[in-house]
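Shared chain: subunit A. Partners: subunit B in the first complex, subunit C in the second.
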Partner chain A sequence: MNPLELTLGIMTAVGGFVDISQLVFSGQAGSMFGYSLIWAFGISTIGIMVYGEMCGRVAAVAHQPLFSLMRHRLGLKLGLVTLIASFLSTLVTTAAEIGGLGMILNHLTGASYLLMCVVSTLVLMASMWILPFKWIERTYGLLGLFMIVFIVALVVIHPPWSKIASGFVPSVPHGLSAKQLFNYSYFVVAIFSAVMFPYEAFFYSSGGIEEQWGPKDLLTNRVTSIVGMGLGSLLSIAILALAALLFAPANVAPQIPGSVALQTAIPLGKLGLVMALLGMLFAVAGAAVETCMANAYSVSQFFGWEWGRHKKPWEAPRFTIAWIIVMLLALAIVMTGVEVMSLVGYAVVFSIVILPLSYLPLMLLANDKNYMRGYANKWLAKILGWLFFVIVTIAAIAAIPLYVLTAGGQG
Partner chain B sequence: MRRDAPIKMVSQLLDLPLIDRDGRWCGVVDDVELDGTPGRAMRIKALLVGPGAYEGRLPGCAFWLVRKVAGDRIARVPWDRVKNVASAVHLECRAEEVKLHRTEDEARRWIPKWGAM
Partner chain C sequence: MLRRPLLLLLFLTGCSKGPEADLEYISSARSLAAEWALVNEQASEGHLTSAYVKTMRQSVREQLKTNAKSLTQPQSDYGSEIAAVLREPDDADPAALRAHASKLKQIEDHLESA
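Let's look at the complex of A and B:
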């Protein structure tokens, strides 16, 4: 294991962890419910660590990405239904990320929101064309580390650490009305979805194959998925805690990414604000690229096309056409004028609904000793895998009714 | 798994990706052509690859839509061109030798060949 590669891998995972949905939901969760939803971030992060590690292990040992396994395990009919559902939910997520980029660039430059959406889409597409996989992943992941400014801001304002720590224990705040209870439940589901987005598994599993992982990389995979994702989750928790401290007393619920960035301006001034906006810009840009590529990976792997950005774009032509179309479709959605916050809501609800179908084939294959030999799931991975499968299934069943009942968390 | 070993068609073969001698992805096992008569062992004659092979595997209206979008092309990959079956079906030949990779090659003409690292 190369220590430099490992450190870079961890830093990339940290900087690439947060996306627009996590920014929005962590800010709103803190301002509406104080520290009481930290546990949802904690538990869902363990979930994505478990499945992330499994995805990387399957990629390293069976050399098969997730969507290819999904087709083999679910069959053509159910596989096709999953592909379409996953494609649509991830497309909406890409649109939400592009919309988020447009808003952040609007805050930074003052230029028109829609113009910034177009510019950022073109820049993202150019970077995907020019850079090979490893550079794409590293560039956005490492630049996303500007987000650490949120942790610095939290430390500087001397928060009540004991109250933050108590937020890691699952509990429901006392004295909530039925309406508030539904809202709280919606936020729990939305946070689980935002942290465990299926695109993350598709991207991570395909990334393992892009980087030609083998059994020798299993330790790197384990450390990256556990430490990197764990530290990445701290960024979201810092945003939540800052919102609880700074926004909740003033009864302010951040509705746009710019409000979340203001959390750093209060303790750190203009420099903090600019760093927060830059961190958000690169983190969201990275998520836009990941979601777009995840969709292109899914379609290509389902139909057995050449795929991957370790190849030149013309060496995997249908994959290239797929990601170009996904990016343009996402931009078209944004250009209709639909609000970014609505897109974020649709993205988390649609995504949680397909989570069980995404993770079931992964679990089945990671348990299968024929494919995985001595690297098949051991007892801990099996228990945690099935436990989180039950949790995401319950969340998937509850998601749409809660979305309707709470008008997307606004009710 | 060797080519001549007994195989469970649905769980070990159907819907697996095909990878050619050069490591290129060249489709998925969409259906299987069998050879045999009642009372005797069935043998796999060929793997069928392409949207035309979805007929019978998808509901009629879904297949109609697939045919409109992707056509009904089928490539037959003789079983004796299969090297082994694992988490993918590995071919002992290049994709072009069994008439795979055609759409990929057509699509390549649309992609500019410059500017990428």
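Let's look at the complex of A and C:
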């Protein structure tokens, strides 16, 4: 197994896991509720590992990308509704990532936020045009590993490891008022949504096909799903724990994505700050590329167009036009002046609403022995798949009322 | 089936005014004042780059202004406190900023328990 093949999983995890919403929610969750939301990261990480592995297996065995499946399994009408909902929620997510990039570059260079949004969009588009798929994933995946500085910062401040470990046991903190309980529930739902964003599955599944996976790659798929997602989760938990230790006692619930970088500056100084900002920059850039390409993949696969970055841009013209339009639309949203934090809230809420419809066709196909032959889901994958389907359905029903009741976790 | 309760929820949320509706802005302002104190403290210890300090202070100030404008009762004690935070200079003493954050926290706790 080529270690470089692991980068697909690492990019999906570091870029997809630790995107702008993950940075914000991890920091806020730690400062508001201490270690008590770590379990939500733990459980949702198992969920994305289960579905990620299933996506890769279906791509390797049936060579079917997710949106082609949706059209066949959900039918044209429901498939189209899912496509539109998914397109809109992923577009808002891309806009949030571009806004996040503008903010991080603003903190790094001092240049204007909107100018940095435009510059980062142009650089992303150039990299997507020039680089082949493998180099896109390697560039953002490996540079995003600067984020490991958050784990270093956590180790340096000698945290109470036993308390962090106890956070993995699902529990509700004692003595919460009704309002705080709603806020806590909102954060649980938001963490599940941010960890299990549907675009991660679209990107991972299409990436497997781009890399021409076959049954011989199933071990690589399993290892990348577990290691990649596990690493992403570890980074989020480190940010949460740092926020519980450094922000909560100071009454800070980070309101600006750049505040999270302070967590590394306190123990490690300027070097820690710059490494954190660079890590955030590449991780969020990776997420922007993933979300943009996920939307172009979805539309192309649904309508049966030529797609893929393994082809030259002009060999799949409608796919190329699709990702260019998605990127420009996302930039246009940011240029209206809408707040990045609002975009993050909308992205998380609307993504979880479509999560059940995104994962249902995948599970049905992964269970189907006609398509998957001896690689169909075994008992453990079936039980976990349906269990997480029930969990995300409950979260999807609760998401919008909780968002309204808590003013997006601020109320 | 779910439309009625959802509409009622949206209606009630949209209609609320006064301290209860302002709670989210008070809470946000408290956190921003505390963040500002942390930035100034770390800057004085040489832990931050000048670009980061400048842009964080700008962001904090802009968000505080947005919070102040969003209040339904700007003449209240919390409105005055947020205005006082905004009057602080960029390189304000962290202790002074923390005092504002504590005051806002007290108001927030009082309103939450009411």
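We take it that the second predicted complex is superposed on the first by the 396 of 411 C-alpha atoms of A that agree within 3 Å, B and C clash if a C-alpha of one lies under 4 Å from a C-alpha of the other, contacts with A are read in each partner's own complex, and residues count from 1 in each chain.
What we mean here is this: a contact is a pair of C-beta atoms (placed from the backbone, for glycine too) under 8 Å apart; a residue touches a chain by one contact, two chains touch by 3 or more.
All of these numbers come straight from a predicted model, not from anything done at the bench.
In the superposed pair of complexes, A:I321 makes contact with subunit B only, with no contact to subunit C.
Once the two complexes are laid over each other on the shared chain, residue contacts for A:W307 go to subunit B alone; subunit C is not touched.
In the superposition on chain A, A:I400 makes contact with subunit C only, not with subunit B. Shared-chain residue A:L76: touches subunit B; no touch with subunit C. Residue contacts after overlaying the shared chain place A:I84 against neither subunit B nor subunit C. In the superposition on chain A, A:L115 contacts neither subunit B nor subunit C.
Overlaid on A, the two complexes show subunit B and subunit C touching no common residue of subunit A.
Residues 103, 106-110, 177, 179, 250-256, 258-259, 261-262, 265-266, 269-270, 273-274, 277, 400-401, 404-405, 407, 410-411 of subunit A are the ones that touch subunit C when the two sit in their complex. Interface residues of subunit C facing subunit A in the complex, by the touch rule stated above, are 6, 9-10, 13, 23-24, 27-28, 30-32, 34-35, 37-39, 42, 46-52, 54-56, 59-60, 63, 98, 101-102, 105, 112-113.
Residue ranges of subunit A in contact with subunit B, taken from their complex: 62-64, 68-69, 71-72, 75-77, 79-80, 129-132, 135, 300-307, 312-314, 317-318, 320-321, 371. The touching residues of subunit B, when paired with subunit A in their complex, are 10, 14-18, 24-28, 30, 49, 54, 57-59, 62, 86-88, 103-104, 107-108, 110-113, 115-117.
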